[in-house]
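Here's the structure, in structure tokens; my notes come after.
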Amino acid sequence: MITTRNICKNFGKLAALSNISVSLNAGETIAMIGPNGSGKTTLIKTLLGLVIPDKGDILYKGQSVLGQWKYRNSIGYMPQIGRYPDNMRIGQIIDMITDLRKDDNVQVDMELINSLGVNRMLDKAMRTLSGGTRQKVSACLAFMFHPEVLILDEPTAGLDPLSGEILKDKISREKDRGKLIMITSHVLSDLDDLVSEVIFMEEGHVRFHKKVSDLQAETGEVKLNKVMAVLMDPYYDPVMQ
Amino acid sequence: MKKITKYVLIDILRNRFMLAYTVVLSGISFSLFILEDSSGKALLGLMNVVLFIIPLVSLVFSTTYLYNAAEFIELMLSQPVRRKVLLNRIFSGLALSFVIATATGIGLPVLIYGATMQGLYLLLSAILLSVIFSALALLASVITRDKARGIGMALLLWVYFAFVFDGLVLLILFQFADYPLEGAMIAMTMLNPVDLVRIFMLLQVDLSAMMGITGAVFQKYFGSITGQVISLSVMVLWMLIPLVIAVKKFNKRDL
Amino acid sequence: MIRILQIILFFCFYVDLFAGTITAGTKQCPRIADAIALAKKGDTVLVSGGTYKESPIIVDKSIVLLGRQMPVLDGLKKHEIMIVTENDVTIEGFHFRNSGFSGYEDVAGLRLKQVRNVVVRYNHFTNTYFGVYGQHISNCHVLNNTFYSTAKDETLSGNGIHCWKSDSLLIKGNKVSGHRDGIYFEFVTKSHIEGNMSTGNVRYGLHFMFSNDDTYIGNSFVDNGAGVAVMYSKRVTMLRNRFLQNRGEASYGILLKDIADSYADGNFFEDNTVGIFMEGSSRIKFTQNQFTANGWAIRMQASCDDITMLRNNFKRNSFDIATNGSLVLNNIDHNYWDKYEGYDLNKDGLGDVPYRPTSLFSMISERNEAAMLLFRSAIVSIIDKAEKVLPGLTPEALKDNKPSMKPFNLK
């Protein structure tokens, strides 16, 4: 569904992305994993057109999307840190985005708004919100318009456990509907039952992009954090398995 | 895409600053008209407001606004919104709110106390300068990522257009005093929108003196239809060129 | 002057009692010339309405020539229309039209030639090259006439009222427009010009040369090519005249060139490029004049001395006083300047610090005209402010030591 071809991006001397070529298919839930500063968020922002790559191309359903904007109709994006105009209220933000994106023939998805309790805080000004509440707003916005692709940057970070579970349930249901979901998270245990593929990034490179089942077989571990621990072990040698 | 303009406008108008600015502008204008013994003298005072305060406020407010709108811009751009459209709409929203503020703050007093050609010219100039300097602010804020540097750049632009440019012109004038410089002077004024406005106002307020210049060259040029059309087009260019460059830069900018 | 008038009126009236009346424009007497031929000294010749194409008409008898229903005297663009060669003549109620035009001869609508006690009143002059042309005349009155012509440039146009080597004239209540000079005096003395309106003339509204002891009162000079010029004359009195909208490169409310011992009071200067331009003039007193919205209220060349300016109002002028050098021996105290920013702590109505009416920028633009394009820019204001604090280039002596805080109430 989304394919990147040799994407490169430098911030000054720092190579944030080097020759990234991945293809992300519908129906997959892909975990993007890597240490801080490995380029995960940059890659996500590149897919969204927020960061313009120096080289390479991004295809959505076979079409290049560089400089395009309509394809974002198919993307629900939940940023790592949701930044919103301070002087707007939650309700106004939701109305505004709805106004911009709504397809008149389709009902908006109010599920998260209700289940996360955002519907009871519509009058709150954005500047008064805690980080967790902002995350809830971001989550609601990402899921509202039935996007075919969901890009979730640290979705559960800052959420209370209950809300985190609600969100994970939601992700799981969307996955079952055959959406392409990309998640970055540091909390690998959150991803356990969700993800079908893993992209591991380091210093702007994709070290590997594999199916979870293959990785489990490779390492003999079931839990994702264990899998990764094995893979990260400097003495680990896949050939030995 | 009209919706974006709507939200930008709502956002700016919600900002107390615009309201305060309108009130201060109209306060200054009304008190000038009430305190000065003639509307001509009041217009002279107002002319200084238009030439110095309006560019300064437009530059600083617009730059600050644009930096503060970073979240809004980011939010919008993760939605199906075109960058070019977003920036154009942000600019239109800014420009429109300045037009409203100026039209109320200066236009109302002028219409009540000094609805002369001079007054109307001044109002038009005020509006044009507000818009032009918002465009320059847009460019400044797109070029520099850092807020402090961006505002610094806006202030430098103001100092340049309000003071330095005329100093340079004066210098040139005396370096080449032996040559007929009238044509060159007209060309030079095109390089500074503040000067263009000032000269248009000079031809209103100080017409008697301007007609005393040999051949009344300035009056003939700026008073002619051709001259006015050219000057107005130059003003429009002063608005469009920064805007176009800003859009180009913005299209390549990472968020 | 009034006495002279009384005598003249009495004289006319007295003659009239015994004089006969002859009517021109009838079957018996179709031409004006015929009627004049029939008339005796002191007779009245009545001219009926209609158009008379018999110019030039020579008036060589002391008669009253009176038009009824504005008879038109048409010069067919070839001739001088009427010539008066005898004293004690009154010309009233005629429409002089289409005199000849000539590049080398001064063709007039009405020529007064070496005469005394002639009265010209209530006539119209349209498209006459010169309107009234007086030469060597004395004690003549030109009253309430209108002069309208369509002069385009200085070379092919004449003056409305032109007087040469004359004295004791009264020019009053006339309206002159579209000529070269509205009123032209050369070697005319002891005369009185009052309540005339001179507008839209190609050169000067009033042009005054070598004419001493003249007074002009309550005239209006509006939108003339170069305003009013008063040159090489002494003892000129100017009261309550209005000088408006005389704008252009060499255009002045009044140009004073080599004038001495004169006096101007209660005049009104508005929207002129230069209100008063003075050159080589001395001992002139200006009081209670108002200068409003002129480019330069006063331009004084360094060749002027002993100029006194008291209690004048200066409002909204681009520049108050400009000069080309250092001025000495002038007294410009107790005026009102709207640009004055001083204070009056002792509340005597006079500012406590002097006002300097000459700005540095006015001197800069004097030397470099193109600099005018920088007028009212911030840099210029800064330079001017600096100069006001520490005068270096502007003439130190040129200042009003006790400027009035409030404008004078001048009509």
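The letters A, B and C name the chains in turn, as written, and every chain counts its residues from 1.
Assume a residue touches a chain if its C-beta (ideal position, glycine included) is under 8 Å from a C-beta of that chain, and two chains touch if they have at least 3 such contacts.
Since this is a predicted model, take the numbers as computed values, not measurements.
**Q** I'd like the most central chain, judged by C-alpha centroids against the all-protein C-alpha centroid.
**A** Minimum centroid-to-centroid distance belongs to B.
**Q** Counting C-beta pairs in contact, which chain pair has more, A-B or B-C?
**A** By the number of C-beta pairs in contact, the winner is B-C.
**Q** So, what's the distance in Å between the C-alpha centres of chain C and chain A?
**A** So the centroids are 90 Å from each other.
**Q** Would you kindly tell me how far, in whole Å, the mean C-alpha position of chain B lies from that of chain A?
**A** Averaging C-alpha atoms per chain gives centres 44 Å apart.
**Q** Taking each chain's centre as its mean C-alpha position, how far apart are chain B and chain C in Å?
**A** 47
**Q** Among the residues of chain B, which ones contact at least 2 other chains?
**A** Not one residue of chain B touches more than one other chain, so the list is empty.
**Q** Give the list of chain C residues in touch with chain B in this complex.
**A** 247-249, 251, 271-274, 293-296, 315-316, 318-319, 338, 367-380, 382, 407
**Q** If we count contacts the way the header does, which residues on chain A are in touch with chain B in the complex?
**A** Against chain B, the touching part of chain A is residues 11, 45, 48-52, 67, 69-73, 75, 77, 79, 83-88, 93, 96-97, 99-101.
**Q** Where on chain B is chain A touching in the complex?
**A** 3-4, 7, 11, 14-15, 68-72, 74-83, 251-255
**Q** Quick check on the complex: what are the chain B residues that touch chain C?
**A** 37-38, 40-41, 44, 47, 51-52, 162-163, 166-167, 169-170, 173-174, 177, 180-182, 185-186, 189, 195, 198-199, 201-202, 205-216, 218
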